């Protein structure tokens, strides 16, 4: 393992221990095994509100210690990296304090629940950069090898000028009207519904894969099940079940976006299709080791299923021999490796908070368009 | 074969002998072999402008005679059915005259190039109905067995309340900027581009599968290659290469629509997905014998690939044993059989001219929305 | 249409009017429409045992006349082609008489129920060739465009040296023990079970695709449901439900073969995979318009799904534009066209009776191997 | 984490640090995070021959120490489990010594290179069982959730009586004749080629999924590239490139087996199909989160794609929410958990050495059959 700026392993703290806390803990525990050239890390602290639960989780996930107070990370000199896996409405507060304290910061996506918060975070991150403090937002799907390969194809011009993009992210866990009310279905805690949760991934991929930004938006939101049963009776659902948008990028490509939590029968269906003047690709997260590629030189050949597990494919050298497929959680390990490499080499990791803010602005524009009857909004 | 109203086989004329003329001729030649209970037909006359070509085509396709003047069909008493396969801007003139002459009329889709023409045709068709003269527009995909099965599932309530529909029809024959200018790319002859040609199929299927109409539209058109080389030099392309729309149905379902002739690598990619509160299905025209079905009673079972070739599936009794797949052209034969059965039984065949007009209105609304910057248009 | 040797359309008779009679009638009725350069044909006579049924079928399928006596075809000068679609145990008698009478002969596969009969037929066919009388056996899958394209790839050396072939043909219509006894399950009428019915297709494709013959065989037969209920009570099933074999070709390639009528859930699953030193392809009859191709120059690219509907693909010029898929029955039309072209041009059509005999010998060797406990049999 | 028999975490040593050593280390490092009810483990020692390499690997993979002498594990009281990931010809020696020393033993598949060695190992394991010492062979694919679900379906009788099984495992890393000579291609070090490496997985799955054993074998081996270039010039390849077999199980089911390292274009293609009187399933390791299921009650419904990521599916409670797919390496973690649970609960873990021996006997019978010209061998 590489030396670190401090001459010792980088100390990491994760704030949050449920779904994302588990996934990020897994990444920190394993990054050294697969990416030996990344700087070494030490899993110092896991933070959570429930004392018993966080203690138990810290033990399972390989943490040296635990705390119920996230502010404790600020004072510890042995903690160099703060990784924020809380619900979205707490992202800004923790991240701003951590940057202020000189910690490198990772924030799970989406960057924040509001554009305002995201803008503050960007400012703080830019200020921190000046003193070598790094920050990143956790759009982990950038590290899916198949999508990294897709990006490489676009970068190399293999697709020519991109004209059309089709983005959809379809799940069905709210298809049943009997599915209960949770904090995820209240605007004050969740910010938005399918749009923020699923659409943010899709929009970040659009920005990333094309290397440009969305410039114009028209969209619509819909809540198909307007009330659900909660612990204290029926309650209104104040976020969207599904959202649609047409997005125009700065270069003039058109992207269609559809996200849903009520697409009966679909589990984790993030699908991306990109059509350019010289080629195209298709991707489906449920088969995340595959990229379907067509290039003009293939002639009438249709799409080729590339099993993205060869040593020359992005990230694959770190993992297993050809044909041995990776799972969803491996993307977090690769993300951690990329982050650590950037920290170690004094570069700004991507996606930056600015990238995260750019996504928030697109999502906010979709909401504004919906409020204005589908009007076209310029960004 | 059944007796006909005239005590002899129904005499048929087809106007047009190229792509659609070939497909419809094939249907009339074969309908009796597969649907013996339909009234018998006689292929009387094929009509086309080029004398040599229409004579040759008439010989190949099994027609007793040929003509270069479509008006000749009007006077012949032995012609009971006029089937209009001309370019779209001639549909109205031929159909109106044929109805006036008391002929049953089939018009290939789309019904007309403009809403005005379509409205006249509907009026004429309704008047003719009074005297038992029948008319139909040729949205042949209603006769794809898999889609007929899909409709049956919706009708039976197996999908519950339909919430989301995803419609796309992607081709790539204009992806290459070097593809030449043709009449299909001029507004005055073609009416519109991908929207009318491909979108009309998709919108008719939406109406048909859900048994309801589109009530609200927001859309956008795009011409990615604004000029193409024609026989007399570079010429502006005056129709769309691709189109997008969000459609709201009368019951409140939301459909997204995307059609393109520049989707590199896609050949004839009509895809339909319908998500309801109780189930869902998916369909792809390139595998037209398959329907992917999920119903709530399947539990976590995902989608089942149904090979729609069993005797209990729609239309299949007419064809081959299980597992022997049908091709694209078989849909026209089944369409002819349905038309003949309606004529014989004194019923109005579907899709009616009114169905055709309903599609035109949706397409016109997409164009209007595009002109008005994506504004939402009520129908 | 081309002139014929007789200066008039070739007169055709089909013997048999059920499943195969319907499929072949369909081919003769349509061949002129799609293959205008083939010599013209006239559907003269349909022959069958049941007077009412054959009369009705002749009317539906476009035949000028009908007969209950197949010998009547021998005396009619206006019949040039006799197409034998009877059950297998009658093939030899009809074909021999027709050749003797100077008729061109098509025999539906398999050529005969026994090697003895097949050998007589080959002798007769060879003798007839001397006087310009042609014969062919109807392995229609040679005319699937995707398989014709596959053969072209092998011929061009795109796969290098073929090493391994995987052949399977799986159906499930006998999976249910309650499926009734029929003539197809008695050795005296059917010859064999899955082996002859399904295995013959697979073995002919092996010969055809590789351009070589099977030289060595080891195999096994199995009847999973030994008795079935027939019209006159329970009866022993005397043919196989399933069969397996390893086949070595003259060049040393190894093919595995598995055929079954009890493969629950599989409808018409003929699958072919060919692996060579330089490339490979895969095919599935249930998606008969697709060929999955991998060649070494594709690098790590996996298999490309080729939708075999482009004008440069075999047979496709005759049919529809790209992406408009063909059905199972179109293969018979293309087969008729190839036969007619050979007759017209004075060539021997393929697959010849000798090709049919070669298949019979392989199947007989599988049966012998099974009798001898799986012993290896040289051909 | 549970208490262990010793009142402290179980100490583990892995012998071998390359491909399998990395995979098993990964499992021991992560098992506690995902399976908290399993007894705790401590990664004590990694053993390998190359001092520098094993030291570096121990650091990366989370081991407390390292050694170049596998015998050092025998004497250490803090090591309770010895996990043997050496090349196959060393399995027996290490495992026998470890059992003798009272260590629980895991041996990576195949159990041994010869039946003789495997028999000794079984004897030793049985003797050790008496004093509560446990042993297991590492057929990790038993822990693929989709295959565990498949086994459950068979166990529950959802497939009825199993009749036919199709097993294939196709790779292509030796397709190119220029691929170099290695120890894997010499009989003395590798035992056999594709047969042992790939066929052992397939045969163990057959035993496991059906809950019965192979009773009769007929097979064939083939080396398509008889010589390859090694460090010291061209050398004969003394193991098979590909193998075929027909296997009959004790209940009379027939399984076909095909394994290959020269199947151009196939990367890690383990495919399993099981057809029973009442249902069937299909599986492909390259999409290891999917099981395709057909049961009779589905009627004509074909196969359902089950994304095996739901909480009620085997192993899934330990991992991620629905739709978040697992990778190849997760199977080792689940295998470790199952092993630890058995140790902790005083049960014999499966697959046992006896299961491993049963596989070896089948593979040996395939080789014998090949030597005897494909003769049928009884087990």
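For clarity, chains are labelled A, B, C and D in written order, and residue numbers in each chain start from 1.
As a working rule, a contact is a pair of C-beta atoms (placed from the backbone, for glycine too) under 8 Å apart; a residue touches a chain by one contact, two chains touch by 3 or more.
Bear in mind the structure is a predicted one, so any value in this text is a computation, not a measurement.
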item	value
Higher-contact pair (C-beta pairs counted), B-C versus A-C	B-C
Remotest chain, chain A as reference, centres from CA atoms	C
Centroid distance [mean C-alpha coordinates] between chain B and chain A, Å	43
Chain B and chain C: spacing of chain centres that average the CA atoms, whole Å	35
Inter-centroid spacing, chain C versus chain A (mean Cα positions, whole Å)	55
In chain D, residues with contacts to at least two other chains	267, 302-303, 307, 322
Complex contacts: residues of chain A adjacent to chain C	293, 298, 300-307, 310, 312-313, 322
Complex contact set, residues of chain A against chain D	1, 19, 22-23, 25-26, 29-30, 32-33, 36, 56, 59-62, 171, 173, 267-269, 285-289, 307, 309, 320-330
Residue numbers on chain D that touch chain C, as the complex places them	159, 163-164, 166, 168, 170, 175-177, 218, 220, 222, 224, 242, 244, 246, 254, 256, 258, 260, 262-267, 275-280, 294, 296, 302-303, 373-376
